[in-house]
Structure formats: C-alpha cells, structure tokens
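Just passing along the structure, written as structure tokens.
Labels for the chains are A, B, C, D, E and F, by order of writing; each one numbers its residues from 1.
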Amino acid sequence: MAKLIEYKDMAPGARAVVDGIAAARGIDPADINNVWKALARNPGVMEQFAAEMKAAFAPGKLDPLTKELVYLAISIANQCDYCIASHGTMARNKGMTDEMHEEFMRVVLAAQKGNKIAMAYRVPVDAVFEEN
Amino acid sequence: MAKLIEYKDMAPGARAVVDGIAAARGIDPADINNVWKALARNPGVMEQFAAEMKAAFAPGKLDPLTKELVYLAISIANQCDYCIASHGTMARNKGMTDEMHEEFMRVVLAAQKGNKIAMAYRVPVDAVFEEN
Amino acid sequence: MAKLIEYKDMAPGARAVVDGIAAARGIDPADINNVWKALARNPGVMEQFAAEMKAAFAPGKLDPLTKELVYLAISIANQCDYCIASHGTMARNKGMTDEMHEEFMRVVLAAQKGNKIAMAYRVPVDAVFEEN
Amino acid sequence: MAKLIEYKDMAPGARAVVDGIAAARGIDPADINNVWKALARNPGVMEQFAAEMKAAFAPGKLDPLTKELVYLAISIANQCDYCIASHGTMARNKGMTDEMHEEFMRVVLAAQKGNKIAMAYRVPVDAVFEEN
Amino acid sequence: MAKLIEYKDMAPGARAVVDGIAAARGIDPADINNVWKALARNPGVMEQFAAEMKAAFAPGKLDPLTKELVYLAISIANQCDYCIASHGTMARNKGMTDEMHEEFMRVVLAAQKGNKIAMAYRVPVDAVFEEN
Amino acid sequence: MAKLIEYKDMAPGARAVVDGIAAARGIDPADINNVWKALARNPGVMEQFAAEMKAAFAPGKLDPLTKELVYLAISIANQCDYCIASHGTMARNKGMTDEMHEEFMRVVLAAQKGNKIAMAYRVPVDAVFEEN
C-alpha cells in the first residue's frame, strides 16, 4: 500500500499544490484524494502532474464531460483501477447518465475489438488514412 | 501483411456485410477499407464486429465526435497504428479541429500519466470513489 | 467495487440473459457469477457479450479445453485478475491437470519472452511469414 | 531495423544454438529465422531463450497445435507483429484450418472483451474462483 | 488468491530452489517470499525462473542498483503490483534514496509520455536511429 | 505517417522549443528529430513535453546512462518502436557496450517473466513489502 502523507504533514511545496486544488474544488485541503497524498513524497513530480491536469481540463473547445470520457477511456484501456473508480465518479458528477454510460461502454468495447482485429489480421493502413 | 480479399472475391456472407456498410456510407463496395477486406476471411467474426460497430455508433445521447474521440483514445492507449490512422481521419471528418486535437492530446497524456502514477505509487482507492 | 445487481433486482432483459446462462449450466440463476451481476447495469452490453461468449464456446473444431486455454492465455497477457481466477477454475473443471498447467505456463512465458525479444531487437518479419 | 548477423558471421556460441535448431527442424542453418539472427548479438540471451522454447514445445500432455494457439494468443494480446506472423504460419503448418482459425479468433476476441468488462466494471472475484 | 505452498510442504525440486535462494540471501528457507511459494506448484517453471533471475543479477558491468531500477521500470510499465512492491523495497535496500526515487519517477513518466506521443503522432523512425 | 513540420515552417512557439533543444545538443535546428517535427502541430503539448524531458534528464543523483536505461526499459515494455530505436542509440552514445546491453536485456526479460508470473499465479504481496 502506498505511504500516504496527510496534508498537515506535507512539505511546503506539496502543501501549495494541494491548496491550489482544494481552492479550485471548494474542498478542505485535508480531504484531498489519495493520489495527492501519495505523490506528496515527490513534490517535484506532484507539481508537474498538477500543472498538467490543470492545463488538460482548462475550459476550451471540448466540453468537460467529453474530456472526462476520454480520460476514463484511457484508464480502462490501461486497466488502472484507481483511475476508473475516480474518473468514473467524476464523469457521473459531470452529467454521465446510465444511458450515456452504456453508449460509452459500447464504443470502448468496439474499439478494443477493432484494435485487436487490426493487429491479429495484420491490416495495412489504407492510403486514404495516411494523409493527415 | 494481411491476405486482403477484394469485394468481388468475397463469400456471400462477407459481401452482405460490405454492402451494408457501403450503403450507410454512400460509397462503392469495392472501395471498402482494408480492415473489412482482411476480415472477409472469417465472415462470422466480420458480421459480429460490423453489428457491434453499428450499435456503438448508432445515434444516442453522446454526439458522434465524442464517440470518435473515445474510440481514438482507446486506440492510442492500445497502440493500434491502423486504428489511430483510420479513426484519427474519421474524427477530423466529424469536426475535430487542430485546437480540439491539442486539447484531446492533453487529456490523453494527462490520463496516461495519472494511470502510471496510481500504479507506481500503489494508491488505494478513496472510499468516496467506491460508491458507484 | 462494482455495483452488483442481484438476479431478483435485474431488469427483464438482463434477467433473460441470466436465465439462458443458468439453464445452459444447470445452475440456479441466483448463483450467477459477479461479472453478470455487474453487467446487469447495462443490459445492452450484457446481451451482446453473452451472445459472443456463446458463439465462441459453441461446439466446433477446437475442443473445449483448448478454447479455455486460449481464453486464459489472453487473460494472463492482459493481466485481468478476475478472468485468470474464473477461467483458471473453468480450465481445471474441463480437465486441466497440474502437469498440463505447467506445460501451459511454459508456453505462456516463452511467448511473453519471444514477444519482447522481437520488439526489443526490432526484428523484421521473414519473407516466408508474410505469405498467409 | 535490427542488426541481423548471418550464420557464417556468428560467434561459436550463437552458431551452436542455430545448429541445434536447424538440426531439429531439418533446415540449413543459413536459413534460420530473423529472430535468431538478431539475437546472435547477445549469445547468452539467445541460449537461454532457445532452451526455454525447446522446453515449452517438448512433447507432453498438450498437443503441438494447442501450444501454438496459446503462443499465438499471447502474441495477439501483446500485439507482437513478428510473432503473429511467425506463429500464425507455424499454427497453419501444424494443422490450423480456416475454420479453426475463425473459432480461435472468436475466443480471442471474446476474452479481450471479457477482460475489459471485468476491469471497467471493477468486478470482484467470486468466492468460488478463489479456491484453486 | 494463489495457492501458496509452504517450504516444509514443497516437493524436493522446489525445495532445492528455495535452499539456493535462502543461502544466497542469508535467510531461513521458511521465510521465502510468496512468489516462490506460489511457483512451487510448478517446479519446472520455478527452476527456470530462479536460474534466469540469478543470471540477470550476477555481478557484471551494470551496478546492482541500476539493475533494480531497470526491473522496477519494467514492472511499473507492466503494472505488476506485486513486483512494484517487492522490487521497490529491494531498490531501497540497495541504496535508492527519496531523491533518487523522484529522479527515477521523472524519467519513467517522461518515457511513458514519449512512448504515447510517438504512437499517437505516428512518428517515423529517423534514419540516424536505424543504424544500430 | 505523421505530418512532419520542418523547422522553417514551424510556428514561433514550436521553433523556440527546437532552438532550446538544438542549442543544448549543439546541433542545427533543421536537423531536429522527427518526434519534434510531428509535435510541432501541437505547440502546447510540445512545450510541456520538452520541459518534462529536460527536468527528467537534468544532472542529479542518477547518472545519465542509468536514466537512459530506465527510459529504454519503459519503451521496451510499452513496445514503442520509435523510442527503442532512438533511446537505444542514445544509450550507446552514453556508453552502453554490447556486454552492458546483454546484461540489461537479461534484467528486462527476467522482469517481464517475473511480472507475468506474479499475475498468472495471483501472488499476494508479502507483508514485508507493504512497508514503504
């Protein structure tokens, strides 16, 4: 199990990262998720990841739920249980209904199958797909 | 390289699958993509995959581009070059701009990193994420 | 942890899938495995997977144990703990002895190594292997 | 591309490995497959892998085709193009018909889907599968 | 859960493997790690893996900590929780400080990202990298 | 194939990244590697990755070759052909001899096997490995 560091025991650099996340989410820094308590061991890695997550989820052309679904898709393909649990919850918080979840899972599973078919049958890329 | 079977040489079952796809896309069956030419060797697998893809991309609560981005995300995580080339093209055809592509890649890469961090630091799932 | 839906609480579509599996296995529907209790949330995905499993394990040219070993091999390569536990049990139920298990594991581990060697040394495919 | 070492240029240790394989297969050592020409750079790794492959495919309780299918299944799951091409060819040489190939692919794809379902829905292992 | 076989219940072949490892580490054979208790079911696989590990970690040109970091990197990429826990501990025992761990994680995460970028953008290998 | 953007055609942000890398390596910016020419399409992702690589390879407690070997190990586990080719070359440039390469590959392959064994036999983590 990870050695989790509670907010009160974090080094200043790690604490600053948690302060930023807690402020953005409107939560108490002491209630920060485990991934940040674990990362607090390596403040440099923690800062970089926090900045990357912030940039990835900054308002833009893709809506917040689409971004969550992309994050969740990657997590399922990579079989990260923590990420499936956490970003599955976040997707529901951002509006994913049971019906949307079923549609999402249909695409995920079709993609999984398409990926394996392309590999197993050693399919060459069509010229028309090489253009962009 | 895959043994590709051209439309004119396909068995009736395989040809029927291609007819359906070509009609839906408004293309000549002879111009069907390589993945179907390769799958034509195994018509049973081909029929099942075509039905699965059709169900996955049927109109629903998630818009067509979101579904393409989920499919593309899975393909990147699984490192399927054929699928990245083909569904990357389809995503652009369905409206993905360069700006959206950059946002998409930011989420994909942040997810990749988050997945590895959760594993490498052996982070236990927060109780709040166990509820759904 | 998954939200498991017990048989008595399933929607009619999900219940029908379980009835079919239970009848084929000669078990009480209430004793269905967890994977089906989890999938009952998404009856459409559940029906499709049940049909796919039935087709995959229908009597054919490959004997039942060979099919189980192929399923188990994929599950080990993909590191699916649930699937290793369940299909490992099924393989034993279908006749896999300790001796056969050891032979199976030798092939699995040799393949793992061969796969990595081919990638790490960037080995080009021999012309003789391109023919089929 | 790999730096391939031809038989005539191999170090004695590597040449001995090739002699053993060529004798067992009844082929000219100069016609050895690329994977061995690439591995000849690291004779120690080469000897170990050759011994492991020999032990894995030694006559036993599982028939030769079953072993090839297990090897091929692992290679598909791991997406090793070289191994899919080479062991796909070997499976056909050992008797895999088109009909068997379709059955095999059905099991491979069902397993792929089952693996992802178990992960995505976070299914807990049934007590009955914990026993062996 | 694995069926673990305690030292006193192991077959002679398995016991001999454990005796060798325990002697090299200066520990009581009864305190051998779980991986060996699980492998004791398949003594042939166990012997081969013990020999491979011994050869991999034999004194050579790479120092022991570098080898542990390579082993740990592979285990993180492959998402093997057991291996991350065990070889993470061994890396610390061989001198990995918190500072070195952070540097190591930075390289691991940069590599993860580089790997995905190369795939997602379908980058062709530079001619200068094809030479060795 | 990736759409590669040559240095002279890059946007100012992308060009600045290449200038930094070229200066650090003492090369002509026009000779920058393909990965940067591909990433130039998404300058934001490019800047972030360049910063991450710089931080990962900054002088520290781990020597440059060790870092390259960790990067190469991840790339082999993830089966990234571009990364194996490029970082394999860089490892040789930083002093990796054939003898060291063989030792490295022995550890990589032993780790691959250990990872699969831990999963396939479902080995529980020893209490002693849970402590850090």
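Keep this in mind: a contact is a pair of C-beta atoms (placed from the backbone, for glycine too) under 8 Å apart; a residue touches a chain by one contact, two chains touch by 3 or more.
On a predicted model such as this, the values are computed, not experimentally measured, just so you know.
*Asks:* Starting from the defined contact criterion, work out which chains touch chain C and chain F both, please.
*Replies:* Chains touching both chain C and chain F: A, B, D, E.
*Asks:* What chains, if any, are shared contacts of chain A and chain C?
*Replies:* Under the touch definition, chain A and chain C have B, D, E, F as mutual neighbours.
*Asks:* Please tell me whether B-C or B-F has the greater number of C-beta pairs in contact.
*Replies:* When B-F is set beside B-C, the one with more contacts is B-F.
*Asks:* Return the distance between the CA-based centres of chain A and chain F, expressed in whole Å.
*Replies:* Here the centre of chain F sits 22 Å away from the centre of chain A.
*Asks:* With chain centres defined as C-alpha means, what is the inter-centre distance between chain C and chain E in Å?
*Replies:* 28
*Asks:* Report the inter-centroid distance (CA atoms only) between chain E and chain F in whole Å.
*Replies:* 20
*Asks:* Scan chain A for residues touching two or more other chains and write them down.
*Replies:* Only 1, 41, 44-45, 48, 52, 55, 76-81, 85, 105-106, 108-109, 112-113, 117, 119, 122, 130, 132 qualify.
*Asks:* So that we know how the chains sit together, what is the shape of their touch graph: line, ring, star, complete or other?
*Replies:* Shape of the chain contacts: complete, all pairs touching.
*Asks:* So in the complex, which bits of chain F are touching chain E?
*Replies:* Its residues touching chain E are 1-2, 4, 33-35, 38-39, 41, 45, 49, 52-53, 55-57, 60-62, 66-67, 69-71, 73-78, 80-83, 85-89, 92, 97, 99-100, 103-104, 106-115, 117-119, 121-126, 128-132.
*Asks:* Which residues of chain E touch chain C in their complex?
*Replies:* It comes out as residues 41-42, 44-45, 48, 78-80.
*Asks:* Which positions of chain E touch chain B when the two form their complex?
*Replies:* Result: residues 76-77, 79, 81, 84-85, 105, 108-109, 112-113, 116-117, 119-120, 122 of chain E touch chain B.
*Asks:* In the complex, go through chain D and note every residue touching chain E.
*Replies:* 1, 3, 44, 48, 52, 55, 130, 132
*Asks:* Which of the residues in chain E end up touching chain A in this complex?
*Replies:* Touching chain A: residues 79, 98, 101-102, 105-106, 109 of chain E.
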